[in-house]
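Going by the order they are written in, the chains are A, B, C, D and E; count residues from 1 in each one.
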């Protein structure tokens, strides 16, 4: 038994611009793949620097995605489900890292968490020094990726509405229970795609990282930094490394997509 | 008369991480504002180069957001509302520009639409030379921003479900009518936030632009490129210009937010 | 456990006061849009009235400020009031069993206890075999039954039921009604229904709403046998005419005069009075009847429908039950002009 | 315009065939989950059966392949079949008027014509004053009326109505039923309902579904006066006992023997037969009655409810209508053991 | 090239980002001297510029910040005139104005406890830093190997780093935000800036005129003011 609303529901002509859009994205990817020097590829990709960079990227992106979820979910819920004066200004401000050129974001982070930044001394007293550490990479990635999660989750929360939350409350569930058992499961697709966006953004992050965290192999030099550096001497190597990033991304997005379809 | 589900519905403790997240984003912004040399600010911001860059940025970002909507809405609909073999692979591929370091994206675009690229000769025959023109800026921005629109819109489409579309079809509405009168209005919040994301991403785009379009004042040097350039010589100027970008962004996001709330 | 509610929601044209005594079941009757669901929403704390007060025993639940009162508001989950809304709204991400387990679990019951409660309530409403389904895979009636089980499993102090049986089939309705009777017996409840049988069987008292106002309330049997409002008469299947009591008769607005047996106490002269009579007491004529003086009303037929072994003729003034033969002889069709006559002995008149 | 439907949807346990003659209204009756909404969804093209065929006149709408047939599928919008589903699903972003205008506009009507049609249908269902509201601001019954108006405005060849009056109040139900009678008169329609009155007043023929299968069909009055299925008997308010016809009596599974007047043609010996009798013909005793030989059934009281001026006693075997006095004397309560006796002359027996 | 309207001739100059200030001034002078000519300047990292020119970017002149990127261009045969070195640059230690690390010479940069940043060996300034350390007989202990000089300078300016190795011109451009400490061995590691016209230019004469301006007296004066050495 199949429902329709699949083929039946979509106007045919829509497939034309959809295909054009897909081609616009896919052709450059194809062009890159065609450009890769496959003989040199294995050596390039398995070099120590590349492996360090890839592992660091995966570790930091995962950490910052987690941080994004921990901070971003509450932010999205607060934005979508409460009302307070100045809310739309706050929303706009919170989304700012979206537009801030990443390098400027890095400068801002330096001014804030750097040794001489707003909080630098406070942090130093506590014994925390983030400068040139992996923690700084995670912070930079979180800073740029957080708004992605917040925006997509807030949209999902608004689309889902809060009728089910109301029902749950009337059944005696405390707000925390409602949040855990109703709100979160209901917006799971939105949370998933938001997390994918955040992970992707963190994985590709360059400007804020180099500005705030620096670039030292194994500590702060993530894959994008490695790619940029390689590019100075060997554009083909950079392209080959990019391909690695692409494959990682396809795996991540594909997995998340699976999860979404299963629901 | 007020509904609850506003204050009533959200667990109190959630405001704590939400505030922490907001602080994490807002403090660096504050740090930047504190850093701006307000005396030099007017001169900096109104210089010809700055104005050119700002105008170019606004023009190209608007154009590429439009392109994203034209291509991305059909793509999101096709991904969310049809089923075909290889769909999740296609989704993952289409979302790739999300993770591709922008410079690599720019290289890919050069490999495709550049003079020596895949389509370069074809385009040249038609008399089109896109690389290093304003059109190239728009293409670079569209390439990186498109997935943002697609992801958030697809999420919204899935969350909204297609029950209303089914009803509309059973009332005799052709797919195109359903699309225009039901699907689009229903996911308007998702489309709006997707467009904001796309616009923001286009506005902040740097790497792909400098690689594929170059950096020529008035033609291809957008505000982020201008900021980057200024940073080489005068970091304060870069920060001041960033502030302009931030203000533009606040206005755009704020306006879109208004539109969403009104609904 | 006395429940009291006073609420003004001008946006919806609602302004009413209700009271549910300990252990009492009150039926809320009224036309579509009368404000029944609104009243339940205010009771459950899902809607804050502009002005009003909701209290369970001495415990204030919703108090809008003003008039010397301190404003206060107990959130829905802390009220121990469960609402079965008009729309089942089963949680789409949970299966049927988990939906019913939700309330016990939320209230701190253990896994086993919650499962046991779910099993029991699902069996009670007759859908135990659907426990593993997702809500999206249920029929309309099945979903409503699950929603009912879910609300019952919440074991509240006050139960609010909004048309709990609207989508149930005739085969299961009596059984579910029986279940509700047991469940509601020891419990305070507010029940919205469009079915007179629900009111009769389940409610101790009925409150009739019209246009957001309480137009009538009282013990079920009394309201349904001696309705004062048009809607109560309609739901009780009785005819009602309102007018002024003058010279031992009811003078209606349209000039017709109704003679009837006045109740004890009789209405005072010049006061508003209602005349109530059953459709079975009405005779229908095409031409003016002779004989003993009766109340005669001029009316137009609006609907004709079977009613048990008789035919119910609805007209612009009153309904009449006639035999199929009579209906055939009179050759009645919607739009036909008829005269309705009722013997004075069949009409009860009492103060409005 | 003959409508034919044959469908197997194993996932929902549905396998049925239906036919609607030109201009005919067919009522689909059956318990919750019987497959009524599923049948409508297949007809509207919202659900593709695993195997089946849907056709309007000679025009195939859904044909699953196999058996020499070419698979084909006409999308919902091109079928000229309108569906009023069980859930109103008004477009939340359009106001009430725009919701009703939707179908005319989608079918190419001009702005003015669509508005005129919307005005007309909204007036017909009695919610013209709500035209400017958003669906979120309607009560349950109001939303259902708007959904009805929206479906009617689609002016289809075949109209599918899924419980169109479930949430309506008693004051408006007769009027809406009247409207439907007019609307359905010249049109083919499939009507799902749980109300026997709808079937009686609106349908030419009824089809009874149980567990996804057609268990009975025929002209309305025939099915409701001589039901062969338990559900049809239940909805008609009649008692039904099934068994084997042997020696001029019906032998039920539980050993009881029912004597009755056999219909013409009588069932053949050894064949399945049904005995049908009205609750009014049943007498209730606590101890075995003496007197002329009668059918006596041993049963347990399950529910007691008022029924007009009598009391309906539902038992495990059959329902009985007794006077309030008799009920009081018998001191009946759910769970009580009783004996039911029915005079043979009151029982009609016919082949199952 | 059609970037200019109204019959104006447009000369497009691709120059390394570190030349921004100097070339903006030279462009103005060139426009003043040549009626009806406007100079479009495109600044970016030298390698970016080479990649663009290779991909068909419409440039007339290319000024690189190092020899190797110019070599990439000549390898493709895209140069119009033979590249000529027009400026040199040497390294300096940059420290925050209050010099918190009390850095005085190159040897201090091998102190593990100091936050030291240099360019990565892959980029020209990093290669130069490496060579400088070798010449001075020390090993640097960097906390970060940055992508570009601007990144190094940014960290020092923000006080995040105690010291960094940058070009003299960068310290001058930072105008007091950082303090420059001369390294005696720096003369051993001189970075050359070559310039050339491009083969694809359709106004070779004008391009050559600009190159001549840069190589000439005026050009050298402007460059010297920015801290560049003369070849």
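By our rule, a contact is a pair of C-beta atoms (placed from the backbone, for glycine too) under 8 Å apart; a residue touches a chain by one contact, two chains touch by 3 or more.
Chain-to-protein mapping (UniProt): A, B, C, D = Unannotated protein.
Predicted model, so just to flag it, every value in this text is computed and none were measured.
**Student:** Hopping along touching chains only, can you work out the least number of steps from subunit A (Unannotated protein) to subunit B (Unannotated protein)?
**Tutor:** 1
**Student:** Could you find the two chains linked by the most C-beta contact pairs?
**Tutor:** Greatest count of contact pairs is found between chains A-B.
**Student:** From the C-alpha centre of subunit C (Unannotated protein) to that of subunit E, how far is it in Å?
**Tutor:** Using C-alpha averages as centres, the distance is 86 Å.
**Student:** Could you state the distance in Å from the CA-based centre of subunit B (Unannotated protein) to that of subunit E?
**Tutor:** 33
**Student:** How many angstrom lie between the CA centroids of subunit B (Unannotated protein) and subunit C (Unannotated protein), rounded to a whole number?
**Tutor:** Result: the chain centres lie 55 Å from each other.
**Student:** Can you tell me which residues of subunit C (Unannotated protein) touch two or more of the remaining chains?
**Tutor:** In subunit C (Unannotated protein), residues 45-46, 75-76 touch at least two other chains, as defined above.
**Student:** Multi-chain contacts in subunit A (Unannotated protein): which residues touch at least two other chains?
**Tutor:** Correct list: 5, 8, 107, 111, 117, 166, 169, 174-175, 178, 228, 231, 235.
**Student:** Which residue numbers or ranges of subunit E touch two or more of the other chains?
**Tutor:** 51, 154
**Student:** Quick check on the complex: what are the subunit C (Unannotated protein) residues that touch subunit A (Unannotated protein)?
**Tutor:** Of all residues in subunit C (Unannotated protein), those touching subunit A (Unannotated protein) are 44-46, 75-78, 80-83, 85, 89, 91-94, 102-103, 105-107, 150-151, 154, 156.
**Student:** Would you pull the subunit B (Unannotated protein) residues touching subunit A (Unannotated protein) in the complex into a rising list?
**Tutor:** 5-18, 20-22, 24-32, 34-35, 70-75, 77-78, 81-83, 88-105, 107-109, 111-112, 117-119, 142-143, 146-148, 150-152, 154-156, 158-160, 162, 165-166, 169, 174-176, 178-179, 187, 189-190, 193-194, 196-197, 200-201, 203-204, 206-207, 224, 227-228, 231, 235, 238-239, 242, 245-246, 248-250, 253-254, 257-258, 260-261
**Student:** Applying the document's contact rule, which stretches of subunit E touch subunit B (Unannotated protein) when the two form their complex?
**Tutor:** Checking each residue of subunit E against subunit B (Unannotated protein) gives 3, 12, 17-18, 20-21, 40-44, 48, 51-52, 55-58, 149-150, 153-154, 157, 173, 177.
**Student:** Any idea which subunit B (Unannotated protein) residues touch subunit D (Unannotated protein) in the complex?
**Tutor:** Touching subunit D (Unannotated protein) from subunit B (Unannotated protein) are residues 163-164, 166-175, 177-178, 181-182, 185-186, 188, 263.
**Student:** Would you tell me which residues of subunit C (Unannotated protein) are touching subunit D (Unannotated protein) in their complex?
**Tutor:** It is residues 30-34, 36-38, 86-87, 138-142, 145, 162-163, 166-172, 174-175, 177-178, 194, 196-197, 200-201, 230-231, 234-235, 302-303, 305-306, 308, 314, 334 of subunit C (Unannotated protein) that touch subunit D (Unannotated protein).
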